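Two complexes, one shared chain (chain A), two partners (chain B, chain C).
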Partner chain A sequence: MSSSWNIIQQSLPMFEKGFVLTLWLSFVGIIGSIIVGLICSLVQYFKVPVLHQIASIYIEISRNTPLLIQLFFLYYAFPVIGIKFGAQLCGIIGLIFLGGSYMAEGFTGGFNGVTKSQVESGKAIGLSRWQLAKYVVFPQGFSLSVPAMAANVIFLIKETSIFTVIAIPELTNTALDLIGMYYRSNEYLFVLVVGYAIILIPLSIILTLLEKRVRYGSFGN
Partner chain B sequence: MADKVLEVEHLEKYYQKKHVLFDINLSIQQGEVVTLLGPSGSGKSTLIRCLNGLEEYQKGTIIFEGKKIVPTEKNWQQIRQKIGMVFQSYDLFPNLTVIDNILLGPIKVQKQDKSAARVEAKKLLKSVDLEDYADVYPRELSGGQKQRVAIVRALALHPDFMLFDEVTASLDPEMVRGILNIIKGLANMDNMTMIVVTHEMNFAQEIADRVVFLENGHILEQTPAKQFFSKPKTDRAQAFLDSMDF
Partner chain C sequence: MAHSGISVLLEGTNFTRLLGGLWVTVKIAAIALIVGIVLGIILGVLRTFKNRPLRLILRLYLEFFRIVPTVVLLFLFYYILPRQMNFNLPADQLATLVFALWVAAEMSDIVRGALISVPKHQRESGMAIGLNRYQLYRYVLIPQAISLEIPATINLATRVIKTTSLLMLISVMDVINIGQQIIEANNHSHPTGVFWVYGLIFLFYFLIDYPLSWWAKRLEKKRLERANG
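Showing the complex of A and B:
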């Protein structure tokens, strides 16, 4: 029987690959989510006809179905109707589909958080709807949405663990694979937890600092 | 006979089913200072908010500088540059410095020349003793200072007409005098036409040419200020004045 330490050491190169993949998928997924979320929230803010309704429907579907089911659809159901993606692309699309709505709600919450009296004092100096958005609502709304964005970023990184069900070799999948092969669950789960902690704890600290900074920068009217 | 800046004819306002302004008729001459008085909830703020389109009205006409206002958002955007408004809550934009708060309207809305607008903004700031505060953010100012900036922000657009909605109501007593003096200066020196909603009776008495007394959404009387404060036409206004103790 090899010692736990040896087991861990031998598995590290595999975990490293999983770690990098988790980081990469999260990064792409989060950037994509922010872009989709921003588009949806702008479409809703300006009440663009048709698109505005489409965005609402998308947000409802996306927020009210689990990522697991969304991935099953993309990976197993779509090929039936002739649409086939690789596992990683499925994962990214799934994460963006999920994250886009969360980000959209975050931005919309920020825009709505800009007080009515701010909007009125903008109108009172003759700002047009677009100018009001550009100089008053968006700058304040974005800083109001930072806490929600930060929570979403952490949430989406954790959600990548579900990718294991479509066999993407990210962190969780790596651990489950190794456990299946060598039956050393204690060691591999330990490394798995450490792997997520290395990503999430520093990130969480950075995001908290960012929130504080934004709060100081724009509040206390 | 001076020109009429603003005329309101048979204006009616509802919030859903609730009728809040009844048959408002009002006209204001060039250079005139009208004070809107009345108990809380009488519709004073609602009325002046109707006058620059922040509230919709359901019936009646507003005529500004001889032209009937077609109440679309686009038209209001134009008219609001001519009608300055200052609010109780100051509402400077916290994301912009003092000078950028002031310059937003002149530069972005009116496309005034940037350097000229800046020079003028500084001059206006100096006139309210805030010349050293151009580059600070609103959060660093006291309430009274913020309100002075808010007045300057409205004036920078060169309005023909000013609306003051209880601008001293959320200030420390110490700050109030300074703001009132600025408004008085506007009325006396610059001959600005204005409607002032206030609870400061002494100030109303000092500044007003005419008092419009509102209760429950009805104009009960419109009386020259001197007469109003000595002998108002209605018993209701007399009771109101008696209760104010000033």
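Showing the complex of A and C:
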């Protein structure tokens, strides 16, 4: 029996690969989610006909169903009707499908959080709809949406652990694979938790600092 | 011979089996929510007390459950409880325990947030008329905090229900696990069955979660309207 430390050391190269993949998939997924979320929230803010309703339906479906079933659908059910993606692409599409609605709600929450007096003052000095959005609602709304964005970023990184169900070799999948092969659950689970802590603890500290900084930007503080 | 996929749902006992799986899912979510909310309220109240070591421990408890993804939490308990502590639980009870502890952590933060956002003059007026700590919480702080925390609690419930989809990973016979069995058993006769079975499960989750999140949104909107006059 080799010692726990040896077991951990030997597994590190594999965990490193999983770690990098988790980071990469999260990064692509988060950027994609922000883009989709921004588009949806703008479409809703300006009440663009048809697209506005489509965005609402998409948001409700995506927010009220689990990522795991979304992934199963993409990975196992779509090929039956002739649409086929690789596992990693499925993971990214699934994460963006899920994250897009959370980001959209975050932005919309920020826009709605701009106080009524601000909007009405803008209207009173004769700003057009577009000027009101550009100079009053968006600058304040984006800074108000930062806390929600930060929470979503952390949430989406954690959700990548579900990618293990379609056998994407990210962190969680790496650990489960190793446990399956060598039956050393304590060691591998330890590395797994440390792996997520290395990503999430510094990130949540940075995001908290960012929230504090942006708060100066909002009106009335 | 290949049948059309949708008929797989109606064949034999397939539909009732799926409903049975859904019941397992809902039961685990419900028990975990009830236990977790009660525990979370207690922890949340404790986190507003001035005792520093207690606050630190409860904060660490919260952060642990926040940082570790739920999939990982399930496997931590699944592997470590029986091997290290000789504590054997059937998978469904284990999952209920993990979810309840997780709900308690999240709930403690919701309750704490609501309690500290009750205006300071309320607390001070209560103390001025000579209420003791129990009375202060019972008659002043908790009733005012409740309207703040209900939407967040309902949202937490929708999250817990969505997270029950992970139960299949530790081989609980939940709706997804049963769905997979049905798909495998009928793969030859119904090659497109996978589409309909996952479609139905997708719909099940939506039908449970959508009304809840709609309700939470409505309460939140009402509260904001009241707050803004």
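Throughout what follows, the second predicted complex is superposed on the first by the 219 of 221 C-alpha atoms of A that agree within 3 Å, B and C clash if a C-alpha of one lies under 4 Å from a C-alpha of the other, contacts with A are read in each partner's own complex, and residues count from 1 in each chain.
Heads up, the rule we're going with is that a contact is a pair of C-beta atoms (placed from the backbone, for glycine too) under 8 Å apart; a residue touches a chain by one contact, two chains touch by 3 or more.
Just so you know, these numbers come straight off a predicted model, no measurement behind them.
Colleague: Tell me which partner A:200 touches in the superposition: chain B (first), chain C (second), both or neither.
Modeller: Second partner only, chain C.
Colleague: Chain B or chain C: which reaches more residues on chain A?
Modeller: In the superposed model, C touches more residues of chain A.
Colleague: Identify the partner contact of A:127: answer first if only chain B is touched, second if only chain C is, both if each is, neither if none is.
Modeller: First partner only.
Colleague: Touch check for A:118: first (chain B), second (chain C), both, or neither?
Modeller: Only chain B is touched by A:118; chain C is not.
Colleague: With the two complexes superposed on chain A, say which partner A:136 touches: chain B (first), chain C (second), both, or neither.
Modeller: A:136: touches chain B, not chain C.
Colleague: Could you tell me if A:6 is touching chain B, chain C, both of them or neither one (first, second, both, neither)?
Modeller: neither
Colleague: In the overlaid three-chain picture, which partner chain does A:69 touch, first (chain B) or second (chain C), both, or neither?
Modeller: second
Colleague: So chain A touches chain B in one structure and chain C in the other; where do those two contact lists coincide?
Modeller: none
Colleague: List the residues on chain C that touch chain A in their complex, please.
Modeller: These residues of chain C touch chain A: 5, 66-72, 75-76, 79-80, 83-84, 158, 162-166, 168-169, 176, 183, 191-192, 194-195, 198-199, 201-202, 205-206, 209-210, 213, 228.
Colleague: Using the touch rule from the top, collect the residues of chain A that touch chain C in their complex.
Modeller: 60-61, 63-70, 72-73, 76-77, 80-81, 116, 154, 158-159, 161-162, 164-165, 172, 175-176, 179, 185-186, 189, 192-193, 196-197, 200-201, 204
Colleague: Please name which positions on chain A make contact with chain B in the complex.
Modeller: It is residues 115, 117-118, 120-129, 131, 135-136, 139-140, 143, 218-221 of chain A that touch chain B.
Colleague: Which chain B residues qualify as touching chain A in the complex?
Modeller: My answer: residues 52-54, 73, 76-78, 80-81, 84-85, 87, 89, 91-96, 104-105, 108-110, 138-139, 150, 153-154, 157.
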